[in-house]
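Common to both upcoming complexes is chain A, partnered first by chain B, then by chain C.
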Partner chain A sequence: MTIQLKNISKRYGKDISLKNVSLTFETGKIYGLLGPNGSGKSTTLKMIAGLVYPDLGQVEVNGEEVTRRISKDVAYLTELDMFYPSFTVGNMIDFYASQFTDFDRNKAEQLMQDMKLDSAKKIKRLSKGNRGRLKLVLALARKAPVLLLDEPFSGLDPMVRDSIVKSLVSYINFDEQTVIIATHEIDEIEPLLDEAIIILNGKIIEQENVEDLREEAGLSVLEWFKSTMAEREGRDHE
Partner chain B sequence: MSAFQGLLKKDFAISKLWFLFWLIFISVFLIIPLAIESYFHAPLSFLPVAVILLLVFNTFLLPCMLLSMLRLEGKTQLWLYNPQSSKALILSKIAVSFVYQLIAQLYLTAVGLVIYQFYKNQIHIEASDLFAGAIIFNIGLLLVGLYVSCWAVFYWTIYHSLGKFPAVKNWRWLVILFLFFLYNLISTFLAKIEILRDVIFKWKIPVLAGPNFNHKEGDNWEIFLNMTDLPVLGLLLYIILACGLFLISCWLLDRKVEV
Partner chain C sequence: MTKDFQASKPIYIQIADHLSSQMVRGEMKAGDKLPSVREMAIQSGVNPNTIQRTYSEMERMGIVETKRGQGTFVTENEQVLQALKIRLQTDIIGVFVENMKELGFTQEEMIRGLQQYFRGEQR
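Up next, the complex of A and B:
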């Protein structure tokens, strides 16, 4: 499923969140949307999920203009808390299973076992780490052609981060899913990425194939990111 | 479980505690006059009034429950991350709130009927009038609750749609107030036009409504139910208006409200 952002601009008052952004995401690839806080990563993902609309330009998934109801094809993990506190883990799984036809209960149970989540536990009693794990269960248990992960490691300890990366490797369908991971913590996801995109102040400043980066430039994604940002800062100072 | 059943189950789960508090509140509100009556040996001096008052308050239970649920969802607006239509998302909340209002009304009506059974001799009303009146009164309250709810959803979606415009974000309440007064101004103006009034009142259905309560000597109550003419076209206009408000709200929720 191809995702296209065509000349997208979005402002929040005086703040420019995205400025004339054009991007294409292809099926079977894992993209890293990298950039510092406030660079426009979350807005980009929300736009693909149909939760925010562009002021200018168009967002299309498989040639169809994105609306809120694109969520039938787009699994989205938000950095926000998306649960109802009175729910148990099991209630949340049941709710997702009732709303999303592609939700696979067996996969969800397997994921819950892997992540040691108790379905009877109230969500308000879960630690931040376990809430992060539950968000991942809900996103990965869907057989959606598009998977969007917004800061999946935000505020989580290294053990949880490690288990999340393992789950991503085990449960992503590498041939059929388009995966976009927005993060400013590059270390963890680096081994997963096919393409890396740097976004800064609402503009796409660089896009590279990760394999080319490693083989031709001899750089890791983190090194490339740091050097690009340093170069950009230097240019801004001049 | 179908998608709509899932929505109903979720909406029920997030609101059942509030409803439980409401039931406790109305029970306390009934016990207090009962205790006062018992203390002063003055049966039926406060309780019937309390029951009627609570039934009238119940008109606002439906919109209040609905707004409480929307307020909870509005904190993140992530409930919009859902492939169901906006109609289904809102209808589920209206249906759950409607059930709450129905239960509360049935509870209060049952209390009213128990009072009637105990004090039949002191309440002078025809039994058939009492039942017909209770049914019509309850249906009326439910319909008013639904109508007010459509306005509540409409104002809520307008308020949240304006949230994406920073220039008016802090003044959204004024826009809502302006719309409220504008509608009332227009409807008052239209109601004064004689030709319109004649057309609206052309077809009427007589219903038993408009109760009159008389507290007589010896702690007796005399209740009359007057026949009132209900304008069919007026009722139809309110139904059309409520549907219109609901559809506009769904449209706004699909296209203008952002996370």
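Up next, the complex of A and C:
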């Protein structure tokens, strides 16, 4: 599904979160939405998920304006913990299966095996790494055409990060899904990305195809990100 | 090989180089089947679109052939594989010569240096 943000602006009180943002996301591609904390990454994802509405502009998924009902087409992994602590892993899977018709139990089982999650275990007893894995299981087990991942690596150790990268490659359906990953941990996801977008202070400042970046500028996404940010800071200090 | 990619070179080319050296070393032989795009993507932890590009590029170079419904195979054309071997050799020599030139060595000094090096290794 094609996702379009058209001239989006959003304020929370006095704080400007997004300023005239226009973006297009196409099916079959993985996008990295990169930027420091507070740059507007999460707000952008929440808008596509129908959790936040713009003050100005339109968000469209497949030509239709996004409302809260878009959740049937959008799997959204939040950066927050969103579990009921008394639930077991299995309860959480059941809950998701009851809420989303596209939830694929077989896929969930496979993912849980891959990630070595025990379905009888209480969520409050899970380590942070395992909670991160469970969130990913829940997001990837849905056959939703749009997959939004907000900071899927935050607070996870390098081994977990590696296994998450592998699961993403294994379980994303590249023919049908549009994937957007918001993160400031660029190193991990770099080899996964088709396109990289830099957002800063609520504005989109750069967008590049990752392989073109390497081929034409000789830069990795991380190097490009750092040099772009340094350039911006220099400009702000003038 | 996850994440061990150089910044300055497209990932699809680095994977093509990696596969090419496997062929030259004989770890993959003429007619062998390559992993599917998805398998290769999982093995190397990269986007399948990147692997697709690697395979297309190698197909364009004649090193691999895609058979409809069966997958991608190393070419059976030994001449192409021989040419690949020579190309990799030339690439490596090219890098060596560039580095030596930067240090100010002449052609004769490089050859003499190599000969001495090999004599030393035999001893």
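FYI, the second predicted complex is superposed on the first by the 238 of 238 C-alpha atoms of A that agree within 3 Å, B and C clash if a C-alpha of one lies under 4 Å from a C-alpha of the other, contacts with A are read in each partner's own complex, and residues count from 1 in each chain.
Keep this in mind: a contact is a pair of C-beta atoms (placed from the backbone, for glycine too) under 8 Å apart; a residue touches a chain by one contact, two chains touch by 3 or more.
Computed from a predicted model, the values in this text were never measured in an experiment.
Participant: Quick one: is A:205 in contact with chain B, with chain C, with both, or with neither? Answer first, second, both or neither.
Facilitator: Neither: A:205 stays clear of chain B and chain C.
Participant: A:214 in the overlay: touching chain B, chain C, both, or neither? Say first, second, both or neither.
Facilitator: second
Participant: Check whether A:52 is in contact with chain B, with chain C, with both or with neither, and answer first, second, both or neither.
Facilitator: first
Participant: Which partner does A:30 contact after superposing on A: first (chain B), second (chain C), both, neither?
Facilitator: Touch partner of A:30: chain C, not chain B.
Participant: Just checking: does A:162 make contact with chain B only, chain C only, both, or neither of them? Give me first, second, both or neither.
Facilitator: In the superposition, A:162 contacts chain C only.
Participant: Output check: A:229 vs chain B and chain C. Expected answer is one of first, second, both, neither. What do you get?
Facilitator: neither
Participant: In their shared complex, at which residues does chain C touch chain A?
Facilitator: Per the touch definition, chain C meets chain A at residues 2-3, 5, 7-12, 38, 41-42, 44-50, 53.
Participant: Spell out the residues on chain A that touch chain C in their complex, using ranges where they run on.
Facilitator: 28-30, 162, 165-166, 169-170, 174, 187-188, 190-194, 210-211, 214-215, 218-220, 222-223
Participant: So in the complex, the part of chain A that touches chain B is made up of which residues?
Facilitator: Listed in rising order, the residues are 12-14, 46, 49, 51-53, 67-69, 71-72, 76, 78, 80-82, 84, 86-87, 91, 94-95, 97-100.
Participant: Can you list the chain B residues touching chain A in their complex?
Facilitator: 1-3, 5-7, 9-10, 13-14, 17, 72, 76-78, 80-86, 164, 166-167, 254-256, 258-259
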